[in-house]
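Think of it as A, B, C and D in the order they're written, each chain with its own count starting at 1.
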Amino acid sequence: MLDHYIRAKRAEKDILLMTHIVLGYPTMDKSLQIVRAMVEAGVDLMELQIPFSEPIADGPVILAANQRSLEQGATVAECMEQAKQAVSGHTIPFLFMSYYNILYKYGLDRFAADAGDAGITGTIVPDVPPEEGEEYLQAMDTRNLSPIFIYAPTTSDERMRYIAQYARGFVYCVARKGVTGEATAFSRELDEYLARCRAATDLPLALGFGVKNQADVDFLKGKVDIAVIGSETIRVIDEQGVGAVGDYIRGLAA
Amino acid sequence: MAKPGYYGPYGGAFLPEILVATFDDFREAFASAKADPSFWQDYLDLMSTYSCRPTPLTHAENLTKHFGGAQIYIKREDLNHTGAHKANNVMGQGLLVKRMGKTRVIAETGAGQHGVATATMAAKFGFECTIYMGEVDVLRQRPNVFWMERLGATVIPVTEGTRILKDAINEAFRDWVRNMDSTHYVMGTACGPHPFPEMVTWFQSIIGLETRKQCLERVGKLPDRVFACVGGGSNAMGIFSGFLDDGDVELVGVEAGGHGVDSGEHAARLASPDASVGVAQGYKTYFLQDQDGQMRETHSVAAGLDYVGVSPILSHLRETGRVRFSAATDKEVVEALELTIKKEGLIPALESAHGFVQAFKEAPDMSPDQVIVINQSGRGDKDIFTVADAFGDPKWEKFIKDKAEEYHA
Amino acid sequence: MAKPGYYGPYGGAFLPEILVATFDDFREAFASAKADPSFWQDYLDLMSTYSCRPTPLTHAENLTKHFGGAQIYIKREDLNHTGAHKANNVMGQGLLVKRMGKTRVIAETGAGQHGVATATMAAKFGFECTIYMGEVDVLRQRPNVFWMERLGATVIPVTEGTRILKDAINEAFRDWVRNMDSTHYVMGTACGPHPFPEMVTWFQSIIGLETRKQCLERVGKLPDRVFACVGGGSNAMGIFSGFLDDGDVELVGVEAGGHGVDSGEHAARLASPDASVGVAQGYKTYFLQDQDGQMRETHSVAAGLDYVGVSPILSHLRETGRVRFSAATDKEVVEALELTIKKEGLIPALESAHGFVQAFKEAPDMSPDQVIVINQSGRGDKDIFTVADAFGDPKWEKFIKDKAEEYHA
Amino acid sequence: MLDHYIRAKRAEKDILLMTHIVLGYPTMDKSLQIVRAMVEAGVDLMELQIPFSEPIADGPVILAANQRSLEQGATVAECMEQAKQAVSGHTIPFLFMSYYNILYKYGLDRFAADAGDAGITGTIVPDVPPEEGEEYLQAMDTRNLSPIFIYAPTTSDERMRYIAQYARGFVYCVARKGVTGEATAFSRELDEYLARCRAATDLPLALGFGVKNQADVDFLKGKVDIAVIGSETIRVIDEQGVGAVGDYIRGLAA
């Protein structure tokens, strides 16, 4: 299972890297290229976002990538297909990230089945809290996919424990208030929050939102198991092209 | 209702985790306000001293005669301060914000009505105020933007997505997840995550409660049918609320038929087969979306009805059969508007005129001892730029051209 | 009053012979209506079911705090149907026209408010309707013209004289002397030949009666001062009527100071030494006229105050000292408007904002247990073209230019 | 007195002609020229209108003449002066026509005095009904000027008798509803109205509003004493110039 993979990997490394891409951005072909470059550069997990027209929890960078991908005609079926290709030949776990409506309209069971068939390991769906997740959890469970849940600095200790009951694989800790792609202060306050997260669950922890460079990643060592790089890779691609991704990732993990 | 915040299978609170605590506080504050009779009394006092409640119920004698059927009555939400029922919701939320001790409000707006109402409330309560508005709407609805700015609000044009109402909602949520400690998001209609649909309906129920009372006093009986336009569903839920338990009162919601429900260019979620159930913007309801669950572009001559989702409460009430739905096309709407202006001296908002269309279709087949109430949710003078275009008034065009010349000089 | 229709030396009915019989009938019909309690009851019923009466009295808590003196209350005539106190007068006259059995109404209009109100009344009552409007005003006030036309009225641009309000009044009289059998002239303010000043004041007294009652109920005492803008004088006479017999209530009328009462460009008849007594448009009062008795051009940012004459009743009340007069300049008016919007979320008409100016000057020197009432005679969103220009809003200009481009295309 | 003059003149002629001009229209000089031409062409009385900015009882033609005259700066003092010149050297009676405000602002007594000094015989002021005319009547009386009052088709028999008490010189019968300068139907209805006028007063009667040509004047013979030509002379001037006035008047009296 996913948490076993993480724990095993962590025995080798101080911290793992999870990166994020939007399927179909800048194009379907290029997003596959990016996946390959990232895996080769040594990332430990990958988040493949299926674009949605209303990505409410995403900031401008990922939002724009969602839109671009949809404008070019990306469909969920195609994303499923591309995901299969992305996964094949790589040994790291791949997760789907999307919004609930994408799964819901596809059919939760069918989604879980197809995702499983594609080799996907789990799903991150930021707009399904456990309270609303009954069907979702059941579908994931049936196909042995890990539903990744989220902690936020505003989540109480009690609620962290509540969420932990439904979480599988790892818990995704959001570093701060706000949406993806904004600056995060890697501070003592963050430490305290992560300590709370740690106390609430035995699962590995990932931290995302605002992780950008080696210093950020270093700060997180010993505090979480996974550093998540989201918007920043898209910025690198936007500014320096797909070819720059490998070097960027290697720079983080150095 | 099994789960709180659900109406049959619709509703819920599909929240990013970061907002869950905010919603816990919000739900609690709302529940305590709702349970506190003094809160509702404060609300009634505010609405009767700052807005003009109770708003009148007008007997449309000329329209009644014109159609020769049911007695037509019109509930006059257009006489509210800021010109629409939006004031009810916004002032109620203002009181709640004060109770919660927050100091800043944000809101989305499409037509600009809800934005103006929110900015007005913020001025009155002394809150900071930011309004999100799709860039397309900012351009279309400049007069409302002008007033929001005068009212002290910051209007942020949303350049993401399709740059209309739904995108403004997304942006408002993005603001909220950053600033929830200080900020309340004043949702403008009976949509969004629980408790928004319930809360907005509660504040708007003032319309229905008044209407019921006025009907009994003036007509001596309940109405036979009640018509309301349906954008997000707040004015409809507001007036319907007064009659939900009166099984004999038929409730009719009228959506934006745009260029026709068969044209693909409309905003009919419950009155066309084009919508399907989905989850977006934090709640589950019927959305105009494609097979993949991507939201579609909608169209209506009335900016305030031009929205992909609809109140989960209405989705449920359609399912139970309690509320019947139909759609009115842009063309029908402009005709009904024209007739209503000429016959009664009333200028319904383009949104409200949708309700009039369906009422006018049904009135002739009813008998003179039957009674229809139409909810005139807002006034149409805000729509002059749109209405003038719909009528293709050359004198208006000349006026604008001359005014532009003046500015060029 | 020695002679009927006179207020001290002011008033009268300086009528061309052709109209004398019409006025005999009119005076009689009015007297019989006034003596008939059911007429006033019908009027109250109409105003409470078609417009939104009683209009609220709003406690302006933020402005009160801002000025740190008297408690400021605002009478909300802006919430009337069609957006101003003009509705009171017009609906009352509508009932009278019906009583007289006439089938057509005519009216003058300057800003367009009275024209829209009259056209609305005509639609509601099923009268034919012609509105006379100076050509200059037709160009300035196109939105109102647009609505009048939609309401079924014929708007006739008056190209005679200075092509503004007073010329529209003359043209309306010229129509009337042709068509008096079928037609009633719905004068828009408390001016003109007897019984117009008395009648318009009577209908508008609904404002003062309500305000008095609301003050007693809400504040527990009468106000110390009441402020109202003065164009022709109808809204001022309306609210003052409630307090004329209450000697302790100070009544303050505020005229259009334009570019300053010393500038020659203003419309201050009672608050400047520039006016003198004369007879025109059928009545005797103070007019802004030259030595020969030719009427002068007036100026105000508020079209509705831009008039040469003033109610003879107010001329008299100034003389007796019962009403005090002052003037507000265009600049002060825009500032008071801005402040009121920001602090209270209220958008007074530019006309009404004149009353606010003077109230704001006096409030700080009063004590917190004193009470001020300002009559907000209308809402300001009708003034967007003027207000946007006053604020010099570049985004508004761009909007208009883009709209013009669209029409050129 | 004015009525004696009219009766004496009527002994010679079936009907008298009264014409109207606006002082200062088209210019002060030309209005004097027009007066001369009219007198020479044989009119029996003349109305000199002092322009007013709000000529409520006048139609577009006379209204425009009022405005034009004022735009060119005509003042009441100047009109008084011009009237004096117009009167001098002519033997027919001249009347001032204006609106009440002109007299009121000038001062009623002063107006009457100056008008008397200028040789003016009477005044027509359409917006002073007798009820409002106390001061006016007194001032006119003091200076022996005839205040001309007006009958309209809407005036009741009773009111005609009431007005007759205050009227001097003659009574000006307005032919129809409306303002100056519109067409009038010279019909049986008019006959009946004039019979009512005749019954109400012993004073001579003038009829005005819409009298344009010889046929109209002929129709009035035996019914009234004076035919008043108002707007039509201004129309003639506007269309054919000042020189055409003489011929036009001669054509009416033929």
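The definition used in the following text is that a residue touches a chain if its C-beta (ideal position, glycine included) is under 8 Å from a C-beta of that chain, and two chains touch if they have at least 3 such contacts.
Keep in mind that what you see is a predicted model, and the values were worked out from it rather than measured.
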item	value
Of all other chains, the one whose Cα centre sits farthest from chain C	A
Centre-of-Cα separation between chain C and chain A, whole angstrom	66
Length of the line joining the C-alpha centres of chain A and chain D, rounded to whole Å	98
Separation of chain C from chain D, taking each centre as the mean of its C-alpha atoms, in whole Å	37
Contact graph of the chains (line, ring, star, complete, other)	line
Residue numbers on chain B that touch chain C, as the complex places them	48-52, 55-59, 62, 76, 79-81, 83, 119-124, 126, 139, 142-143, 145-147, 149-152, 218, 338, 341-347, 381-382, 384-385, 387-388, 391, 393, 395-397, 399-405, 407-408
Complex interface listing, chain A residues touching chain B	52-57, 59-60, 63-64, 67, 70, 75-77, 99-102, 104-106, 126-129, 131-132, 149-156, 159, 163, 174, 177-179, 182
Chain D contact footprint on chain C (complex, rising order)	12-22, 160-161, 166, 170, 173-174, 177-180, 276-282, 287, 289, 291-295
